[in-house]
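So, here's a batch of structures to check.
Both complexes shown next keep chain A, but they swap its partner, so chain B is in the first and chain C is in the second.
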Partner chain A sequence: MNQRTVVYFLMTIPAWMLFFIFHTYPSLQGIYYSFTDWKGYGDWNFVGLKNYIHVFQDDRALNAYFFTFKFAIISTILVNVISLMIALGLNSKIQFKSTLRAVYFMPNILSILIVGYIFNFIFAHFIPDLAETWGITAFSKNILGDSDFAWIGIVIVAVWQAVAFNTILYLAGLVTIPGDLYEAGEIDGAGPWQKFWSITFPMIAPFFTINMVLAMKNFLMVFDHIMALTGGGPGQATESISLLIYRGGFEGGEFAYQSANAVIYFIVILVISVVQIRLLQRREVEL
Partner chain B sequence: MRKWLAVFLSLSLGVLVLAGCGSNAGKNDDGKVQLELFSNKSENVETYKEMIREFEKQNPDIKIKLTSPPEAETVIKARLTKNDLPDLMAIGGNATYGELARAGVLKDFSEEAVLDGIQPAYTKMIGQLAGDEVEGVYGIPYATNANTVIYNKEKFEKLGVDIPKTWDEFVEILEKADAAGETPIYFTLKDSWTAMIPWNSLAANTAGEDFAEKKNEDKTSFKKAYGPVADKMLQLLEYGHNDNFGVGYGDGNNAFAKGKSVMYLQGNWAIPEIKKANPDLQLGVFALPVTNDPEKNKLVSGVDVLLAMKADIQHPEEAMKWIEFMLDHENAQGYIDEQAAFSALEDVFQEEPTMEGIKVHFETGRITSFPDHYYPPGMQADNLIQDFLIKKDKEAFLNKMDQEWNKVINR
Partner chain C sequence: MQKNRTNWLVTILLLLGSSVILFPLYLTVTIAFKTPQELADSLLALPQSWRFENFTDAIYLTGFFNALTNSAVITVSVVVFTLLTNSMVAYAIARNMHRKFFKFLFYYFVSAMFIPFPIIMLPIVKQTSAWGMDNILGLILLYIVYGLAFNVFLYVGYIKSIPKELEEAAIVDGASTWSVFWKVIFPLLTPMNATVGILTALWAWNDFMLPLVIISDTDMATLPLVQYIFQGQFSTNYNLAFASYLMALAPMILVYIVAQKWIISGVTKGAIKS
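This part shows the complex of A and B:
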């Protein structure tokens, strides 16, 4: 074994060990406990697939799945549309470009909990007070307190924050497009719209793929936005799956049952991400 | 040779990382006995610190280390899993205590003299938390709380009303306040747990104290026992403001402090917060009169702090000394005065004039416990109740409560 290999080992083995100890091992443990009735302490027995069967019969869990998917799909689409538009704007020849880029990136730096509390104030006081002075009764209540509309409030905050990061990724994609492509397009007489559809969008297709997959995965795992804004309420209207697992597992003492839920959820996210990558990458190749 | 060095280095790094998690208990370097006191409240840290200073002065060979982490209930459950319980615990009388008692890791005090001066109602209460299958007393009730109606004295005077003794009198006041253009009750139902304040008073006084026991034996159900509770919850809701579900606890404290409503359904723990927002506010408290028989209306009160000790503790005598120090009449009085709490000790009373309205309940023992402490925590009753108050469908709600209870118990 030569010097180089030793150095490589020296670098990778600690990382591999830390990853195993703090990531792989707990996951395997979680899978193991999902087949038991462990409460987090004390005695336990193997119960086979009982926990899994119960998850599928639990309408609270099904509700959480439904809410999470609705939220994730809508937010993913909104984030990608908005951040692509902002990136295109920031990439054009405008004044104060770098200042604007910094401003747009701000939300990503702030902690979600802080953002949540600020928006809580906006929803609870700022908007209702404003609506009252203008006499718009439809907005005079806190939408986070309405079980039909609370999810919209969460979408607004989540999208507002996620747009910052996806804009940066799109900007990185836009600078990779060589300028002569546009010149050639101009010679052929293409308008701005045609330039976007025929040059820009296909050229940043790999960035589109990664943004869609990342956004979807992040939104499916939504936790802190909900914790800060509604706590899963009103009722259980905005309870996401991660929140349900945390609540039931740690506060409700149903460790093993929620482990089963987590395993199912892990498989669901994995399948969705793989399918998404496959579909979107096929599109990249075709174009 | 080099290869082995690399493997050895990386292994020892991992071991070092893991070793950082260990902890040590027992004797200090200077020969003092060190005890760890774990507390789940953030409000009383300063009070404990002062008590510890005094105790250490009296017992120079004992050192007490206070641990009061955020999310304390989760922390103590995690430490139970790691078999690393603190020597002494000052925790709430809730489901977590029940779990610890059932896990058999706490010291049994049933033969000890320290229980003598404690009100039996509270000892019984924590006994119920542990359940029937557990014998013994695993905690000493220390400080207690009260689930109350807080009212604005000035507004009561203006309306010309007095503390109500029956449900009908209470509704009458609500009507009067409403007619006078005031908001009768300030609800803060954006935080679902605040729905539990009226719920617990109503349930404790109408559904029967042994509901949970009977429910588990399938002898009763929410459908059978909780109909009146649900009706009265909806009735109360009619006297709220225009955005009952959009305002949270913190905003509610401020609104009530600023005189936005006549009454506020909260426990004694909200009083320091309200006074912070408006020190001049004249407020009083009373127990929600749930029935029309004043003799039967009980105050819902629970154990806010109980003292517990690890079963396999290394220095039991020293730990006992601390417990006796806390239970000392003067120290117990000092604690409740500073914390605006009530005492579980028979001869220690909260003399603060604000508390006048519920003093009689404590003195005559007309106290009952929080019904929701006996619900399975996995069912998350407060969210279900919040949902019911929005949708107002009583039948569906009571069925749902039964269904969720059975589901959680059976899995």
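This part shows the complex of A and C:
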């Protein structure tokens, strides 16, 4: 081995070891414990696949999966529709372009937990107070306290925060479209709607893929929003998978059981991401 | 001619839309300065007299300056060490991709991006507390190590686009691999360093989950964690709570106002690569 190669190894090996100790090893440990009955303390035994089977029979876990999926799918769609519209607006001939851009991106730099607390006040006091003053009884209750509607509050905050990031990505895609494509479209007599569907949308297809996959992945991991807004309640109506693993693992003495849940969660996220990328990229090629 | 005319309809719609973003911030600022009585009288109005006691009370109750120091120390250390170490690891990998070991290392780091944090969460908490790392130092180390997965991906893509001739010239002049990296490559990485630095700073500053599970001593809490810890005490006094929120958000907002152009382009570059 020559001296250069030695240096290259010296550059990477410490990082590799640290990464193994603090990332790979705990991941493997998590998988290992998922086959035991360890509570997080005391003795333990191997139990095989028992934890995995129990997750699928556990109403609380199934409820968390159902809530997380419902939340993630709806939020992903809303975020992409809204941010694409804002990006189109920001990309057209407008005044105050850079200021508007700066404003629309701002939610992305703010702590989700604190934003959640601010919205918590808006849902709990601001909207009900306003509704009462105006005599709109339908909105006079705190939606976060209603187990049927609390998830809507979480969607609103999540969308408010996430639109910023997706808008900037779409904007980055829109500026790459050459202007003569639109001129050619105009000569052919295309209206604004047609120009969008036959020029804009196909041209930003890769950005659509990135945005859909990233948004979905992030929303499936939802945690901070829920801690700030509902704490998983009322009851367990808004308990996400991350929150369940955190609660059950640290507070409920279900270390091994929630490790199994985390492994299932990992597989679910991986499968969804891969399927999404495959499907959306196939669409890109066709167009 | 028609092309260059301002589209006022879209401008107005966007201005209206931006109120959805600005309004919660307006509420935060005004409530932070009001008395409980003023808040009860009118939610929307500006405060009659700007009340600064909310802030002094919140500073006292939450130990604001302590949390601010913790967040600042963590963010600055994480950004500095991430830039210095992660770029170096990526350089070694990018220039040796034809070798099995380095190629394996690249895919090893990148594939870790798909592992959700909850799978590591339970074991890492046991591990850090057993090793006496349930503190700021441990947190800093974890951010630097966990950043590797994504940052190596960003840096490797960028370094590949730097022509090798630049390094070869330095090598002919007798430079060692270390000095080639620090004197030739690292300066050339500035645009990618900016991107990685901004993304890392946003993450370390705003993250809530990792401090929540790792930090066991309240004195070591970060700004978001402090808001969580004191939520119970806030529940009776919204003015106090909002003063605290505002102070926690303010440093990032100030940095953003000054540097928003770089922040937006840095984040965009990072995200497009992914």
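As a working rule, the second predicted complex is superposed on the first by the 270 of 287 C-alpha atoms of A that agree within 3 Å, B and C clash if a C-alpha of one lies under 4 Å from a C-alpha of the other, contacts with A are read in each partner's own complex, and residues count from 1 in each chain.
One rule holds in what follows: contacts are C-beta pairs under 8 Å (C-beta built on N, C-alpha and C of every residue); 3 or more make two chains touch, one makes a residue touch a chain.
Here the structure is a predicted model, which means the values were calculated and not measured.
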Quiz item: Between chain B (first) and chain C (second), which does A:H54 come into contact with in this model arrangement: first, second, both, or neither?
Solution: first
Quiz prompt | Contacts of A:F250 with chain B and chain C, given as first, second, both or neither | solution = both
Exercise. For A:V175, decide between first (touching chain B), second (touching chain C), both and neither.
Key: neither
Quiz item: Can A:L144 be said to touch chain B (first), chain C (second), both, or neither?
Solution: first
Practice problem: Could you look at A:G232 and tell me whether it touches chain B, chain C, both or neither (first, second, both, neither)? | Solution: first
Quiz prompt | Contact breadth on chain A, by residue count: chain C or chain B | solution = C
Quiz prompt | First (chain B), second (chain C), both or neither touched by A:I187 | solution = neither
Quiz item: For A:P128, is the partner it touches chain B (first), chain C (second), both, or none of the two (neither)?
Solution: first
Exercise. Tell me which partner A:M17 touches in the superposition: chain B (first), chain C (second), both or neither.
Key: first
Quiz prompt | First (chain B), second (chain C), both or neither touched by A:R4 | solution = second
Practice problem: Report, in rising order, the residues of chain A that make contact with chain B in one complex and with chain C in the other. | Solution: 3, 9, 18, 40, 125, 250
Quiz item: Quick one: in the complex, what on chain B touches chain A?
Solution: 2-3, 6-7, 9-11, 13-14, 17-18, 73-74, 77-78, 80-81, 95, 99, 103, 189-192, 242-248, 251, 376-380, 383-384, 386-388, 390-391, 404, 407-408, 411
Exercise. Mind listing the chain A positions that touch chain C in their complex?
Key: 3-4, 7-9, 11-12, 15-16, 18-19, 22-27, 29-31, 33, 40, 86, 89-90, 92-96, 98, 100-115, 117-119, 121-122, 125-126, 129-130, 160, 165, 168-169, 171-172, 207, 210, 214, 220-221, 223-224, 227-228, 241-242, 245-246, 249-250, 255, 258-259, 262-263, 265-266, 269-270, 273
Practice problem: Can you check the complex and tell me which residues of chain C touch chain A? | Solution: 3-8, 10-11, 13-15, 17-18, 20-22, 24, 27-28, 31, 43, 85-86, 88-89, 91-93, 95-96, 102, 105, 108-109, 112, 114-127, 141-142, 145-146, 148-149, 176-178, 181, 202, 205-206, 208-209, 213, 223-224, 227-228, 231, 238, 241-242, 245, 248-249, 252-253, 256, 260-261, 263-264, 267-268, 271-272, 274
Quiz prompt | List of chain A residues in touch with chain B within their complex | solution = 1, 3, 6, 9-10, 13-14, 17-18, 21, 39-42, 50-51, 54, 58, 60, 120, 123-125, 128, 140-147, 230-237, 239, 247-248, 250-254, 257
